[in-house]
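In what comes next, chain A is part of two complexes: it sits with chain B in the first one and with chain C in the second one.
Now for the complex of A and B:
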């Protein structure tokens, strides 16, 4: 087909499909996106999909069934680079919050009862790097258009994607928003990866943390800051866990150790 | 026995498949399969504050995110007795229309139209149908802009909250939306014409029950306090389980729903069928022009109904903006003190009725129930695929089954992530009726019911067979005529299988014995009416799932025709197998 173009596959595991939809939401760029790369597989957008060898794959969604484990391993084998896109692929998503297997099992039973699934067995939701090597991460719930187009432009030109090691606060300050923490409102901006353009704070609402934890964030410091401000400890923990997926477990371990 | 399947449904939102199993001349099994894993969203919200819920729950689905947000907020405001001002109410309606246009145009132009024009995707379609592709892209772009203006982001925007909005759009932004909507009208009319004039295949066609929200003030719209059914019945929002009574099926992480034991459909087609007379202006004119009786039976017309709804939205938006601008004050977010309560919120997501129900205790969510449109449609999707597959098979067009099922599933615009709980299916084909019978026996001692002599497809072998079994001293053999109200209901909750004995025309050689789950026979219009008396006599769903039909192919379909030797021989085999 297109010999000189980068071969790309876009795959969806378990999630809201928001990252794939966001790509379709690039209406003005969409025809160019399809022209710039050889998009071999993108089942939300096209039906003539080929599952062959690829240069780059973008994977959204968490791994939540055994079938998905197989699918993901196959994808990894077929491609040079694997990019995790979106909260579910990068940290496991909201569904990865039941980090304790027993807790997960209990809740699974509450929803599905004792019906035995005939098809693929369910798994506790995990980010894709629990099963395969991931080369790059593009966080977001869902990913942001600007960050996606940057990443896409770089990969079609064979350049490594940029990293965004900044919290929401950086953009928030550029936008000259009033800091909500100063007004004693529980805002997760300092812990959360940037990319949304500080959307919530710009609308007078606290950051919920939906981009997931930012690399190098000082979780412990924020935790104690919020505690000092009088927020209930359990509430802070829950709030922090909502969008941190499996990564939150490491953090709580760290706090425990520091307490000792 | 063979299987026709679409393993990866392309151009739908999420990850799913559809398959039909064919045994000779009969389609024996159809399954709509979801490969998405379980996310347990309902459980994730338990223990959270109402505000956190309203942030987490819409993450179920990217396409319907604002519908989820809207339903969650409505439910929470009911539970917490929060009353919002008219401006908030109107702005929510506007954002919801953005989603309706975005989702419908995505579905029509990107997902559905390539099928009808013969392309694998919208990009290759654009090479020949540049104009259509551009309309689709522009319309979607406009709708996304509306959503972003009000909700703060394209997807999963957080600006709408319990009690109002974090920030209100400016007058300039709203006026821009209004004028752009007016500019779009010629393209919207083109869209209606395009999708209402497609020559939709007449297969599958069958009656169904349609359900949607009943919008207030006798208007067309996308929210309401009660559910309206095409039967004329209404159900108050707090009694939504009367409609949806979800149950889990082993082949899917999506729960299924039945209304009074029957599948029903929700979505644009349900809304236009139930509320079409309430459309106004150009929408009403177009409704008069294009609506026909076929819309009541053929799910493919969902595409046409979506196009009509896009027109409704574009006509409504300028008026809505004017109404919003009459309120110059931006009301602050309503606060509340209530810590206990329960409430239900109903809205129409683009693909149909969406219910959020919450119970709040000590200021935290203690129970969550979310019923999504695709979960409600799952039974009807399977049923219509069954009808299509069987009809094409009868016409010797087996090669068309795969694509037609694909078309039917896509017409429903299924939102697979949305079906908060969904996955797949592959059942081993069972050809040997003796083995099947033994398997049924393993589930419990069956109750046998002789059926027949009611119509032309019968030679009376079912009744005869039952009488013979009685004579041989087999326990719990009933005749159709002995079935009275609630007879099944009084049996021990479906633990014992029911085996109906009947003459069934499979277009096979006379005397051929076939065992089918009753479930699949019900999808077959020519057979199902015979079983309706049983269904109305208190057969619950558990029992329905545990019910089977043992059919013997008659020699002749004429009423009162004598039992042929081959049928008698088959009856002998059945008696032998049951009594031995």
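Now for the complex of A and C:
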């Protein structure tokens, strides 16, 4: 152990473990990552984990059981900084897309029947900031290497990570892609946080929003724009809901109100 | 200034000769019907039959994202790798005017070395064009070019009339002197004059710029701004495609392995929410309407009082790009009191069913 190094823990709640895997996939940088920080806990990478006090934790996954609530609260207590990594931790993930609690219960029954969960009571999936204070967010499904290494390096060098509050359209334009939205294709780029390098559009596929909603996204305008272009409203809502977890619940309520 | 004549079939051989030891950048096709400026290895890739590229040529002088310098406690290493010697062929009058505005801006108080070095290392070879439905450079008086180019190629039916605008341009001509004729026939001259008149009449979009500074002032608190703010997606596309936008952000990228940082410079744009956020989290232009008002003040009012001409060169990129029809055309028409046919207007009127 090294006293000068930032003590880091990487924890996984409910998710596909894709973000932890992506960190391991930084093959060229992996040795430097372990050299630069004192990684105390990272169950995907090692077995001698110590769950003590930490400077920074990176938390992947959404909260979907009561045990995870306790685990998360304990992590928060032990760490100076909490960073939510990946779509599940930042917005709740695909599993959080049903926002109405009654609907969730109904769906739960449909899938599991009347099975009683002995292990730990299940909860409707939520992003981690529903339970604890989050200091920084690193979105993406899974997170991107470039953004991860940038955030990680800033943390270990004692500089606060920067926010990336721009939509996918910015990088999309930097890459001089022809705008799909202007060709009447449902593209969620304007509503989605940047970080993937406009990956899909650069392959002539529309953005489906996997980085989650960007701060200040104008959902209403794009919703009506797509409606004017002739898309079915249920289809638009489904597309918008896919990767936005609980974060745009208010918008869906508003649209419902307007319909009445 | 001198005007010479070149057979169209001699254009590519000429470009090949002059770019033997220099990067050649020119419009090339992307997708079926879009164009971008790109470095060309083979002159047959060049497509002069284009109207506008997706990004303006300023991307060549200040790339959307680049490393300005590397800094450690001991050392400071500048990076000018983007400022290589180049020939930019095929640039239209509006875009040359765009660069002239950038020249003024980046030398206004202090010289910006990253821009200036790349600019000084690049020869501009312009090419004539024909307006489509979005072009309105006649309204900004940027449809013709009198300065700022090294060579300018006016296409006639079988020949080019080539304007020589600088001694460097003249040096290029001298690399293939046999291809250029000094003597122009009366027919050539008449043809050119007629073409010029026909082009002037081909413009389908007009914007009344003389009225704009006053209208901006008079309508500063007009509901129009809230209306366009309601529709704006804050996607940043209008500003990124504009040939005269020049804002940027500078960000430290500390290095994991070594000590020190790369200092990156990225295009930034005032239409994004983060643009006006300052330390402590305060955002003095949190509303989209305030941000758009800033942009339009800049383009059609403030520039006119500072530089005597609008900060818009009429290239039509914002018209072709904004998904919700917020652009210099619809905004100026709305300022003029017109009920425009635009998504943002239909959205506000509740017309979308």
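In the analysis below, the second predicted complex is superposed on the first by the 252 of 260 C-alpha atoms of A that agree within 3 Å, B and C clash if a C-alpha of one lies under 4 Å from a C-alpha of the other, contacts with A are read in each partner's own complex, and residues count from 1 in each chain.
Going forward, a residue touches a chain if its C-beta (ideal position, glycine included) is under 8 Å from a C-beta of that chain, and two chains touch if they have at least 3 such contacts.
Source: prediction; values computed, not measured.
Novice: For A:97 in the superposed arrangement: first (chain B), second (chain C), both or neither?
Specialist: The answer is first: A:97 touches chain B but not chain C.
Novice: Does chain B (first) or chain C (second) touch A:256, or do both, or does neither?
Specialist: The answer is neither, since A:256 touches no partner chain.
Novice: Report for A:25: first if it touches chain B alone, second if chain C alone, otherwise both or neither.
Specialist: First partner only.
Novice: Have a look at where A:65 lands relative to chain B and chain C in the superposition and call it first, second, both or neither.
Specialist: first
Novice: Touch check for A:203: first (chain B), second (chain C), both, or neither?
Specialist: The first partner, chain B, only.
Novice: Using the superposition on chain A described above, determine whether A:153 touches chain B (first), chain C (second), both, or neither.
Specialist: In the superposed model, A:153 contacts chain C only, not chain B.
Novice: Name the chain, either chain B or chain C, that contacts more residues of chain A.
Specialist: Here the partner covering more residues of chain A is B.
Novice: Look at A:17 in the shared chain and tell me whether it touches chain B only, chain C only, both, or neither; answer first, second, both or neither.
Specialist: first
Novice: Check chain A for residues that touch chain B in one structure and chain C in the other, and list them.
Specialist: Of chain A, no residue contacts chain B in one complex and chain C in the other.
Novice: For chain A, which residues are in contact with chain C within the complex?
Specialist: Touching chain C: residues 29, 32-33, 36, 149-150, 152-154, 156-157, 159, 162-163, 165-167, 169-170, 173-174, 176-179, 181-182, 189-191, 215-218, 220-222, 224-225, 227-228 of chain A.
Novice: Which positions of chain B touch chain A when the two form their complex?
Specialist: Answer in residue numbers: 8-15, 33, 35-44, 47-49, 52, 55-56, 59-63, 65, 106, 110, 114, 120-123, 126, 137-138, 140-141, 144, 152-159, 161, 165-167, 248-253, 416-417, 421, 423-427.
Novice: Tell me, which parts of chain C touch chain A in their complex?
Specialist: Per the stated touch rule, the residues are 30-31, 34, 36, 53-55, 64-65, 230-237, 240-241, 251-257, 267, 269, 272-274, 277, 288, 320-321, 323-324, 343, 346-347, 352.
Novice: What does chain A use to touch chain B in their complex?
Specialist: 12-19, 21-22, 24-25, 27-28, 30-31, 34, 43-49, 62-65, 67-68, 93-95, 97-98, 104, 107-108, 110-113, 115-120, 122-123, 125, 141-142, 145, 196, 199-200, 202-205, 208, 210, 235, 238-239, 242
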